[in-house]
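Before I ask anything, let me first share the structure, which is written out below as structure tokens.
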Amino acid sequence: MSKNKLISVEQAVDYIKDGMTVMIGGFLGVGSPNKIIDALVKKGVKDLTLIANDTAFPEVAIGKLIVNKQIKKVIASHIGTNKETGRQMTEGETEVELIPQGTLAERIRAAGAGLGGILTPTGIGTVVEEGKRKIEIDGKEYLLELPLKADIALIKGAKVDKNGNVYYRNSARNFNPIMAMAADLVIVEAEEIVEIGEIDPNEVITPGIFVDYIVRGDE
Amino acid sequence: MSKNKLISVEQAVDYIKDGMTVMIGGFLGVGSPNKIIDALVKKGVKDLTLIANDTAFPEVAIGKLIVNKQIKKVIASHIGTNKETGRQMTEGETEVELIPQGTLAERIRAAGAGLGGILTPTGIGTVVEEGKRKIEIDGKEYLLELPLKADIALIKGAKVDKNGNVYYRNSARNFNPIMAMAADLVIVEAEEIVEIGEIDPNEVITPGIFVDYIVRGDE
Amino acid sequence: MDKQRAREIIAKRVAKELKDGDVVNLGIGLPTMVANYIPDGIDIILQSENGFIGLGPVSKSGEEDKDLINAGGQPVTIKPGGAFFDSATSFAIIRGGHVDATVLGALQVDEKGNLANWMIPGKMVPGMGGAMDLVVGAKKVIIAMEHTAKGKPKILKECTLPLTAAGQVNLIITEMAVIEVTERGLVLKELGPEATIEDVKANTEADLIIADDLKKMEI
Amino acid sequence: MDKQRAREIIAKRVAKELKDGDVVNLGIGLPTMVANYIPDGIDIILQSENGFIGLGPVSKSGEEDKDLINAGGQPVTIKPGGAFFDSATSFAIIRGGHVDATVLGALQVDEKGNLANWMIPGKMVPGMGGAMDLVVGAKKVIIAMEHTAKGKPKILKECTLPLTAAGQVNLIITEMAVIEVTERGLVLKELGPEATIEDVKANTEADLIIADDLKKMEI
């Protein structure tokens, strides 16, 4: 517990290279690491594969990366709130892979949890089946869905201690805790940074062992 | 949120019938619902299938159900601390199915999460493989492990509000939260019962929607 | 019938399907209106798939919480006794059968209980979000929609748009009818306040079985 | 060599394998002793599979917390900056590759890195507990054991007891030797303070490759 995890937003963005696969927490912008995203936009890192629940709105959070054409491929459950994502998809500029939200969450969790995959009933009888193995158990069909990993996860916490333990607030939690387990490098943007011991070990949501670096957020 | 979930320990035990499958939280007795277990021992409900991490010690928690010969089958990861379980297994009195602890946890979670199964690398190349489907993904073998459900889950919380929201303390959490999701009926023994609103919604570990009944514990 | 009046009839009628203590997920749009018509004495618990139960009304202007939105992105409140969780847990709740009912809109629904509500190829591809998991996982799937779209039937012999899920719909509620999906086919159970059997048949492509106890909708 | 002295040598040598910031899971018994010999300036984070990170020393008499034990059932403490979680998360951490090293005892270990440490058919069947997951999931698997049992080799050409896992062991540390498991076979890297190559060979059934840079163990 000796490493100093605190870095600047510029240092954080230096870890993100062209072509990497990046998970970003948030749901329609709530719970996204906006300061890091803004720095990414400023730096113009490109050809990223983005894994996120949605692409927010054109002027909000993850949406800005879309508008700025930094994303080569989007893996998400929903893009309907950001018309630019749809336009880029339709015109063949950006590849979009749509995944049911529960399957997206479970695939990310599977990667973090060392599972080879999970069987879900979701998507059976729909286009989501395409290209996937179906496995029958007790007469019921399931889709075999594979783990989804990233090079980097960018997450956002309300309160983060210097050990990297994260406490989320309200619905800003969403995909952040599972993404924190499924990437090679994890950077958390902290609304508030506190001393070790200030978050009760019973109330830690993401244990500090998952967090490599902490960036001080704006709020 | 209108139902009164508070019942007596006698009422709780009335839900548990001979031959049922019962999950009980706890790890070597820590985090087990002792008051309910004691009432079960007193009532002598029998032929139960028990799903638990371990069988504790002969005089402690779940161990008492073993000593009192109320269990037909044990599904656990470890029975070494309770010699009576081993004796009953060896002499053919009680069936014992041993499951790796992580697989046990994941199978219980899968049942609660509506998954048809999960793929784990744990147990490959061991006796745990026997009778299970192996699935290869990217050249690596995994065992397909199926969900594990129960008729009743008996869990223990440190603080429970009248809605059934549960807050666990320290390592007493263990299997309780996942068992609360994997049974048809869930009864929580509460060390402390508090009013609705006294547990911060961010600090609830088991949401009240999973809890059918609350029993006041002894501490 | 005026659109607003039609939507009100639908929302009111759906509200009567919900039982005290039910955990319910309401889709965006018309389904969200259902919360306004829950009868006195009935308490339902709303689940919000972005990560909480105990969803309360939309926030008053000036009282918005930046960390608290519903799945449609509106600033909302949480009721006392609610709980927050991450997206994996949220969909464990949904897929695991812990949601008693979900109310969703539809583009098309058919005789087999197939539902299409997430895309129109070449036109609208917003993504399925949580809909596929909700329809597969909820114990009861209620479709709440206007009976026709631009005068054309939406209740078909067979959906032509890409499915959200196969064979999962239980009940269809429109301003003209309450229709149950059964193994025998679609059963017309109730007529809307201004509808006759002939009206419903004329506006429905699918075959309808008229219930022996066909009633007028009570709203 | 006296048993106590042997165990101390092993624990001290294992301690030197651990790097600053490593997340480590120590098995019951001898492996637990390793925590007493971590070199100054090295901070390791101990994971306890019953549900926390930041495992601290055993509790002082009279200061035991009924809700806080290690996986062996001893009352223990948690260090500031630690965090509690449930059993599914605990094994997600283990199986997901988030534990840098695990130190475990063995009944037998062989040339292929196979490990047997959980049962002796007909004699000892305590259950595998978390061992199978730990051995499969930890990035580095270190076996810490006395070189022989009652004078008989434990490092074999091929394990005869039921395996805990196949091909997962990386390093074997005994009072006589440090042996690395490689694709070429077992490589003798270091000799214990009182051992010669001949001693080690005489007490090892498996073939040993002598490292070019064979060293004396520094403890």
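Order of writing sets the chain letters: A, B, C and D. Residues in each chain are counted from 1.
Here is the rule we use: contacts are C-beta pairs under 8 Å (C-beta built on N, C-alpha and C of every residue); 3 or more make two chains touch, one makes a residue touch a chain.
Not measured: the values here are computed from a predicted model.
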Contact distance in steps, from chain A to chain C: 1
Any chain in contact with chain A as well as chain D: B
Which of B-C and B-D has more C-beta contact pairs: B-D
Far-end chain from chain D, centres as C-alpha averages: C
CA centroid of chain B to CA centroid of chain D, Å: 29
Distance between chain centroids, defined by C-alpha means - chain A, chain B (Å): 32
Whole-Å separation of chain centres (CA-atom averages), chain C against chain D: 55
Intercentroid distance (Cα basis), chain C paired with chain B, Å: 35
Touching two or more other chains - residue numbers and ranges from chain D: 52, 78, 84-85, 88, 91, 94-95, 136-137
Chain B, residues touching no fewer than two other chains: 106, 109, 113-115, 120-121, 168-170, 173, 201-202
Arrangement of touching chains [line / ring / star / complete / other]: other
Touch relationships between chains, expressed as pairs: A-B, A-C, A-D, B-C, B-D
Chain D residues touching chain B - in the complex, by the definition given at the top: 48-52, 65-69, 71, 73, 78, 84-88, 90-91, 94-95, 114, 124-133, 136-137, 162-167
Chain A-touching residues of chain B, taken from the complex the two chains share: 106, 110, 113-121, 135, 137, 140, 142, 144, 146, 167-170, 173, 201-203
Residue ranges of chain D touching chain A (in the complex, touch as defined): 20-21, 23, 43, 45, 47, 52-54, 78-85, 88, 91-98, 136-137
Of all residues in chain A, those that touch chain C in their complex: 27-31, 53-54, 76-81, 86, 89-90, 96, 98, 100-106, 108-109, 120-128, 158, 168-178, 205
Touch list for chain A against partner chain D, complex: 1-3, 109, 111-115, 161-163, 165, 181, 196-197, 201-202, 204, 207-210
